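Next come the structures, one after another.
You will see chain A twice below: alongside chain B first, and alongside chain C after that.
After this line comes the complex of A and B, so read on.
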């Protein structure tokens, strides 16, 4: 029997947010919408290149775009139909902005391409497994959308611990909960496949303490992964952040500037584990994800198995909701979600939830006052930063001080914002400061690169001048001297051949 | 009033020449090392807007004390601040107002008018133009700095500056380290 334990390490910082009450959400498939919009950038940091053209007919599971990197995740048609456009459409990725999308008019047949042959990690090579994960479009479905193949390919040292993230800590996001209740066998199969691939590391499953561990435990036993340990973690906000969860489960700290891999851990969300398992064992590309839909004016909250590219409005309609004027719609949860002005935004691999807040939820912050140095933000910060100091340096736009205080470590969780009695919009400041710092890094990188190009340009011109001088010298050579030189050359060559 | 202004200007001049003279006391190898260090702080567009024939010559002039630290136009206040810090000139920002940074541009060649004379190829300090004799030339936008040095050499004036695309995502194709930067940013904290 898979062991069920309680986390031994205490959480640092974070918030105890009011849990969402009420019956468990319904579990069903969302209808296939008439038009799907699949953004080319569905994976952090890489835009895919379309491999279909306008007018092409596509089937579910057919690869329609492929990013440039070897381990980057491909994008697939999520239903059958015709490619009607490849054009910029509004997409929510950190912010809402127009980004290139492939638009497919669905034909209702929902016919699929044949699945790929299974790729058993026990028999296939490491490269074949990674290639399959990339080809099947598997990325981190916990919101970070980093290519899973790229994440696993970075491991130089052996991975000793596989951490499965089911801590789902933001209220109103309940898609992982739904997978645990309705697809424990798929989770267990994915864990089993990944454990084989990683050489049977220790498997720790960080499960939110309010969720029932028994279905998963039974599924793990049935799949032969009974060595896996289910560790119940507090239902506290930011318990699900990668570095925080690793610390809760293992007591190990990811050093600043390092990755979990550097301390032998790889952390994958449950939904990612399911997608990886399906890709390897069933040859199924990632064309759907579970999205939690909840909030006011809906006939009931639901976890919908949603085709990627479905507009948010279609999900709201599927839950019996229409957006009344003035009603806010949040993609994501109350802490880290983005507010949508337009519900025609498509669901991407990063979209976990759609939430319509009620009147009392998400009150607008009051007027900002001066920092009183109360230190509440320090206590709340789950990653040990000093938000009040960061705020100070962000106002002074001092890149060195911001770096010294670990701005890049900030996970933008918003805990400091919530507790600040002076209502300082700390996270917004940190986001802006990060963007400014990134700009400086880009400019510095570009300066180094331009210098290299300038040096190469100089070398090219010098080499050409030298060549021209040589040619001129040869042209101006005295004919008798040239004859003598050629004769000497000939004699040397003959002598060489004679001795050979 | 006039004598007050005179005194202010005299004071400024004394302070400036003091700072520059302090720098000029370096020995030659120190000056060369300082020039290299200052060069590493410059944007490397080699545009000549500092009135020196490139970034390194400007850095060398700074190191020998014959140039002011607020001459780099693309670098703006950021580069000025870095230079001041490296030169150890404190509290001098007001004395050296930074030039306003112009909107970034890239060059564009009207290929229908290009006569393929190849003159612009050598004029571009960062080899951002591709072309060959009797083939239309074109600018690689991702590699062009908008320095405008190619404009005056074109005999048919077919090169113009256009607004630059954003330089935001940190991917500088083919440059070692560029992918690291992009993936660090992309991987982020999650």
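After this line comes the complex of A and C, so read on.
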């Protein structure tokens, strides 16, 4: 029986955000929309290159854009139809901005290409498994959209711990909860496949304590992963942040400037585990994701199995929500997500939730006031920083103090921001300060390089001057003295030869 | 189309503003203020009125001179807290110009000259108290005897700066009384045999009421536990240590905690976030410093109570404490 435990390590800081109450959301498929918009950039830091042209007919699961790097994730058509355009459309990825998209007019047939052959990690090579994950378009579905193949390929040292993140700590995001309730077998199969690939590391599943661990425990037993440990973590915001979860489960910290891999950990979101399992065992590329849709003015909240590229408006419509003028719509969790001015924005691999706040759910923060050093932000910070001191040093643009106070450790979770009685937009300030600090560091590097060049140049000049002076001195030597010196030299040489 | 900026701030309801925090502090001061008024007479109300009026007038004037928006700063309530703390620390029989002078100094020099709310290195209320105590030592140590607290005639004369027949009307504070009688080579047991230090019951009542208000602030999460616990803990530990050495010369921890500005200082004055340390460990050090210095000044200094000087001295140490107690950020080496 898979063990069910409670986290032994206490969370630091964080927020007990008001739990979202109500019955479990409905679980169903979202309708396929008439037009899908698939952004080419659905992975952190890499834009895929289209391999279809306008007018091409595509089928569900067909690769439509190839990644630039070996371990980067491909992009697939999420239904069948015709490519009608490849053009910039507004996309939400950290910010809402126009980014190139492949637009597919769906034909309603939803015909699919044949799945790839299964790729059994017990038999296939490491490279074949990684290639499959990249080809199937698997990226981190917890919002970071980092290529899973690239993440696993980076491991030089053996991985001793596989951490599965089911801590889901932002309110209104319940897509992982839905997977745990409705697809525990898929989760267990994914865990099993990844554990085999990684050489049977210790498996720790960080599960939000308000969720029922029994279905997953039963599925793990059935899949033969009964050594996996389910560790219940507090239903508290930032428990699901990678670094924080690692400390909650193992008591260890990822060193500053290092990756979880450097301490032998790899941390994957539970939806990513499912996608990786499906890619390896069933040869299925990633064409859907679960999106939580909630809001007081909807007919009911739901976890929708959504085709990537579906516009947000179609999901709201599927839940009985009409977007009136002035209605606010938030994509992603309220703490880390973005507010949409336009609900035609497509769902990407990064989109976990759509929230339509009702009247009064989201009062505007008051005007910014002076910091009174109350320290509420210090109590809230999950990574042990002093946000009010960072704010102070950011205002003074003091790079040394910012580094001493650990600015780069900030995970931009927004806890300090929410608890600040002076309503200071701390996270925005820290983001700006990080950018400025990086710029200073680049300038610093450049300055050091220029200085090295200058010093080396000076040394060369000095050497040349010295050499010239020597030559000049030789040339100006008194002819008799020169003759004497040469004779002495010849005599020494002869004596040497004679003795030899 | 320009890229939409990232939201400035999370899309979640934010904590209540500074004005709410200050209102809660004022609310928590009410029981202590009421008991003080009951024990010390109408002068407490007069001081409160004078200090509040002066504080608002000075704050408005200073903001106008500095070309800063006036109404938001007046609305945040911080100046009312400063004024209330000054008024509740002052003796009730002061010539009327003195509370005005102290408050004007606190707001104009200690707070606004340094840049207003959040910028002042010193606690404005305690700086005002220290200024008055140093400049007007006689008036600042004249407290009404329990029976004379509501003697309006004497109060009237005191406010107008006259010199009434003080005999029988004034008395020392319990802390001052104990100190005086100890210097007259009485022992604590002799003092206890003669009915104990004068006015001790009032001290108990006032400190108890401030303690209640402080517990309310703790329960609402407006102040942290570290500073009050460290202040009271250090005060009590010092008292217990010295009492263990010579129980006839050094009063008990309970006496120290129940008299003077102990609980007002621990819960309302030392916890002023602007001038206190901000790091968790720093707050323990800061609080312990305030408690220990207050004990030393009370016991060996020339002044009847030591909280004002203790707080100001520790304010001086805050930049150093803050720098030495930066918590270890996540992922940093442990031995640092």
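The working rule: the second predicted complex is superposed on the first by the 427 of 500 C-alpha atoms of A that agree within 3 Å, B and C clash if a C-alpha of one lies under 4 Å from a C-alpha of the other, contacts with A are read in each partner's own complex, and residues count from 1 in each chain.
We take it that contacts are C-beta pairs under 8 Å (C-beta built on N, C-alpha and C of every residue); 3 or more make two chains touch, one makes a residue touch a chain.
What you see is a predicted model, and the numbers here were worked out from it, not measured in a lab.
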Partner chain(s) touched by A:289 [first = chain B, second = chain C, both, neither]: neither
Chain B versus chain C as contact partner of A:66, first or second or both or neither: neither
Contacts of A:420 with chain B and chain C, given as first, second, both or neither: second
When both partners are placed on the shared chain, which of chain B and chain C touches more of chain A: C
First (chain B), second (chain C), both or neither touched by A:409: both
First (chain B), second (chain C), both or neither touched by A:146: first
Touching partner for A:365 - first (chain B), second (chain C), both, neither: second
Touched partner set for A:442, first chain B, second chain C, both or neither: first
Which of chain B and chain C A:243 touches, first, second, both or neither: both
Contact residues common to both interfaces of chain A (with chain B and with chain C): 243, 383, 409
Of chain A, residues touching chain B in the complex: 44-46, 69, 140, 142-144, 146, 150, 241-243, 259, 383, 408-412, 438-443, 445-454, 456-457, 460-461
List of chain B residues in touch with chain A within their complex: 42-46, 54-55, 78, 122, 124-128, 143, 145, 167-170, 172, 175, 177-179, 181-183, 185-190
Partner chain A, residues of chain C touching it in the complex: 1, 3-18, 20-21, 72, 76, 78, 116-119, 224, 273-274, 276, 278-280, 283, 322, 326-333
Residues on chain A engaged by chain C in the complex (per definition of touch): 17, 90, 94-98, 171, 243-244, 247, 253-258, 330, 334-339, 341, 357, 361-363, 365-367, 369-376, 378-379, 382-386, 388-389, 404-406, 409, 414, 417-423, 425, 427-428, 431
